[in-house]
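Paired with chain B in one complex and with chain C in the other, chain A is shared by the two complexes that follow.
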Partner chain A sequence: MTALLDINDLRVTFNTRYGEVTALDSVSLNVNAGETLGVVGESGCGKSITALATMGLIPSPPGRIAGGSIKLAGEELTGASDARLRALRGADIAMIFQEPMTSLNPVFTVGDQIAEAIMLHQKVSAAQAFKDAIALLDRVGIPSPAERARDYPHQLSGGMRQRVMIAMAVSCRPKVLIADEPTTALDVTVQAQIFDLLNEIQREFGAAIILITHDMGAISEMADRVAVMYAGRVIEQARADDVLDAPQHPYARGLIDCIPALGKGETELREIPGVVPPLHLLGAGCAFADRCAHKFARCESEKPLLADHGHHPAACHAVEEGRI
Partner chain B sequence: MSDMTDYKAESPAREAWRMFRRNVPALAGVLILGIIVLLTLYGQFFYAGDAFDVVWAPHEPPGATAEYPLGTDYLGRDIIAGLLTGGGPTLAVGAVAAAITMVIGITLGALAGFYGGWVDNLLMRITEFFQVLPALLFAMVLVTLFSPSLWTIAIAIGVVSWPQTARLTRAEFFKIKELEYVTAARAIGARNKRIIWTVILPNAMPPLIVSATLTIGVAILFEAGLSFLGLGDPNVMSWGLMIGANREYILDAWWPVTFPGLAIFFTVFAVSLIGDGLNDAFNPKLRER
Partner chain C sequence: MTALLRAEDLTVRFRLAKQSLFGPPVHLEAVRAVSFTLEKGRALGIVGESGSGKTTTAMAAIRLTEAAGGKVLFEGEDLLALDDEAMRARRRDIQLIFQDPYSSLNPRARVADIVREPMDLMEIGTPAERDARVRELFGLVGLRADQLGLFPHQFSGGQRQRISIARALSTNPKLLVCDEPVSALDVAIQAQILNLLARLKEELGLSYLFISHDLGVVRHVCDDVAVMYLGKIVEHGPRDAIFDAPQHPYSQALLAAAPSLKRRKSEGYVRPMKLSGDPPSPIRPPKGCAFADRCPKAQELCRDMPPEPHEEGALRVACHFPG
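Here is the complex of A and B:
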């Protein structure tokens, strides 16, 4: 059986003043109904571009989908018409954004905004849509939803606003829900509540969730499977437990080592030295080579491909040759 | 906790109104403009008299006769009657011209700012074309071509003054279209038309409302300028026409030009006070500087 959302060999390029750069390179991901796929990586790894490409929201120009396919329940999205994509967005695929502070329109009440999302895809009256909006606010755990529906975004706290965003995203019972760092801007306690809510929503609606994050804690809590991204490529993909317990790629190891552990007597935070290289400076070799402790000659000259080297798929020459 | 406090929902517009109400100069502006509007609307019911009728000897100074307290002009026409009947056309031309300015400016600016690329290039070149033409001369040409009437004057003023509004709108659109709630609106499946008019435009309104108010002031001055140059509608009394007709005799009689001049001054002053007040109300942070 094919997956509900099947991204295959996706390539996205952007025209920049450095010429055309490849933001996503042969990215393959898939997620099934009721499943949560975690996508991790530092800023600039291509996580958000993956999400936008799936929504059909790559700003074009300068960006474009240069190759590969995105299939939602068997339907190809990469060449689909604007009208078809618009009909799917919000109805079948929905997205929760990183910044609940800025992703709600400040001049309309939150109830109106949710009602608008409903009316874009369902033939209901404005009054009925507003009632549905109140029911949704209630569903996402907002106290006195009828009053809150008449509030403006700036009157709500960050956690409340993210709940509103979730209510809007699930208003048409999407099959796929993309959450782009949904808790980055929130307090830790609120983060846990939002994750609980996402889990509940998933159980109730059976949606597939793509959780984009750089927080390994979130991955361990939420994800069934994990894809680790680096410089526009998926460099490791497996069940969440496998990646967390036995990361293969040196970058994945680094990410997991970076999680500070309580009670281990560590006095310094660990880090991965260096930063993600700018996309226009990517050479022929492994994009991670400059930051890698296990680098050897082959890493400079040949791009490693995602393949199973014994444990689970990883794109690393050192793993392939058994050096680590 | 927000859910424990019982507060009334306050829309951004309502909040701006609250700020505006506390602004004394802006309220003074509303008061002055209110008086002027009431006088031009209802003044004639209390002070009968046709502005074009010759009622007394020419150049009667103010205060010389009890019947015509502000005196008469070079033909012996009553100045107060002129002020009361001339206010309506002056204000109407100002308002209509400002409305035309806003409609053209907002439409073109919104399309240019939203779509960018070649649409933006094309529309901005057109805008620049209108911007480099000397506004007053261009308006004069238009009015002469289409024979002076209140409508052609209003349209001419609107046609020459929209570029600024277009640029302002475009800049606001450029800024707002990058914001996350616009992407979020796309993500729920909204189409471009909807995003332009119901998502971005309401958020771009505050500076545009301010600009519209100030445009009314500029348009009133413009109308006065055209009338002063003899291009006003000769069949309709307006403040500009009074000044224009009497300007040759200014050394013999100061009052026929001074009183309509003061009327224009107070109107534009009041409109500017209101515009500034709106500006402060929409940008509370600027006010505290």
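Here is the complex of A and C:
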């Protein structure tokens, strides 16, 4: 059985002043209806580019999809026409961005904006669409939705704006919902409300969710499966419990160990030394080698591929050769 | 234990722009009669939602924001009563680091000059001694001497935060106020900076007033914790007591909301306690407990009368129905 969203060997490049750089390199991901895939990794590892490629929104130029495939319910999206992608966006696949203020229009009321999104994909009257918008605001937990629908984005708190974004994103019951760091700018209590809301929506109409985050705690609470990314590649992918309990790749382990946990006191945190290398300096070997305590000769000359080495898929020579 | 910094009934009021030309001026009480103690060599964490008054409390406590009332004792001396000259002399004991290492460093200055500047301004040591101190500080925070001549944009976010820390330490302060010092950093880099701060506290005997919205970070760094809600400290006490058995319903909700590796979707994790809505407006705070309309335990009394802080075991709690 093929997955609802099936990304295979995706390659995205950008033209930069350093020449062509590879932002995504053989990225393969999939997610099924009713399931949440968490995508986690440090800043710049390619999480948002993966999401934008799936939405058909890679800025081009300078970017382009240089290889691989993205299939939604069997339909190939790479190379699809702009008209087809526009029809799919919002209807079958929708995205929630990190900063709702940048994706909401400041000069229209939030009710009008949601109604607009509804009318784009459904044949309903403006009056009906506005009514539906109010019902959606109510559904995402906004108090006095009929009044709030007449507010402009700046009149709402950050948490309420993110709910408006969610209302807009789910207005056509998309099959796939991509949430790109939807709570980074919000307080933990509001983050908890947004997470709970995403879970309710998923239970209600079986959407597949891709949750992009840099927070392993969020992964633990929200994800069924996880893909860990580093420098444009997926370096580990498995059920969330497998990755959290038995991370294989030293980077995945590092991401888990460096979190100051709520439950423990002041033992020294494990650090991952160094920083992510810039894309134009990626060499022939493993991109993580310079920061890795398990590095050996092969890591400098050959890129490890994502493969099952006994536990679950990881892209690491040291794991493959049983050194860790 | 001796107190390094003690705030008593500290209050800060901001005057807002008038709503209409002839209307009365509107005031916002951002910090409402807050009291806390920071012991020497310890770290006091301040946690709470955005807008709860964490930054304003810290700024008022070191006299960078004007207080409308209350006292701040620094080594027993009331900072708010000092004249300008005495306060300037005190400045070298108190330094700050901020959330955003990108915007808090002068982009046109070499990092060696950035680190040396506080010593220049306060005329600490001879120029040669200052240069030697800059080199020493670079080593202390894990930067290399060959990087002294570079500019801020040539460093990563984590390295820039190291530069801010070196600069803050240049005057040999007793108190370091850290306002969200790792919030803008990736987790891997966060760990590097948190370890550095922990090591510096030990080695130099520093005290921290440490603001963070990340409870994991606070648990890691701080010895004591104060939880703020709408301008008040609602719970205050030793770290383990607050994290293991919080008494205030708001502290409980905060802890329930913080993501944790122990809560798994596969196990059908359901949050035990959910908060709905937003905090009330600080311009017109409710007459009773500010948390009452979001609190699952609230009763008539809570809406009528603000709870006074009182001892509950090791904690000080401002709640009519703690536990």
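Please note the rule applied: the second predicted complex is superposed on the first by the 318 of 324 C-alpha atoms of A that agree within 3 Å, B and C clash if a C-alpha of one lies under 4 Å from a C-alpha of the other, contacts with A are read in each partner's own complex, and residues count from 1 in each chain.
As a working rule, a contact is a pair of C-beta atoms (placed from the backbone, for glycine too) under 8 Å apart; a residue touches a chain by one contact, two chains touch by 3 or more.
As the structure is a computational prediction, the values presented were derived from the model and not from experiment.
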Touching partner for A:166 - first (chain B), second (chain C), both, neither: neither
Chain B versus chain C as contact partner of A:227, first or second or both or neither: neither
Touched partner set for A:5, first chain B, second chain C, both or neither: neither
A:23 touches, of chain B and chain C: first, second, both or neither? neither
Chain B versus chain C as contact partner of A:157, first or second or both or neither: both
First (chain B), second (chain C), both or neither touched by A:143: both
First (chain B), second (chain C), both or neither touched by A:315: neither
Chain B versus chain C as contact partner of A:292, first or second or both or neither: neither
Residues of chain A contacting chain B in one complex and chain C in the other: 143, 157, 160
Contacting residues of chain A [partner chain B, same complex]: 55, 57, 61, 86-91, 94-95, 97-99, 102-109, 116-117, 120-121, 143-144, 147-148, 150-152, 155-157, 160, 165, 168-169, 171
Touching residues (chain side chain B, partner chain A) in the complex: 2-3, 7, 9-13, 117, 179-181, 183-191, 199, 202-203
In the complex with chain A, residue positions of chain C that touch it: 49-50, 156, 158, 186-192, 194-195, 198, 213-217, 219-221, 239-240, 243, 253-266, 269, 271, 274-278
Chain C partner contacts - residues on chain A that touch it in the complex: 36, 42-43, 141, 143, 157-160, 187-193, 196, 214-218, 220-224, 239-241, 244, 254-256, 258-266, 268-273, 275
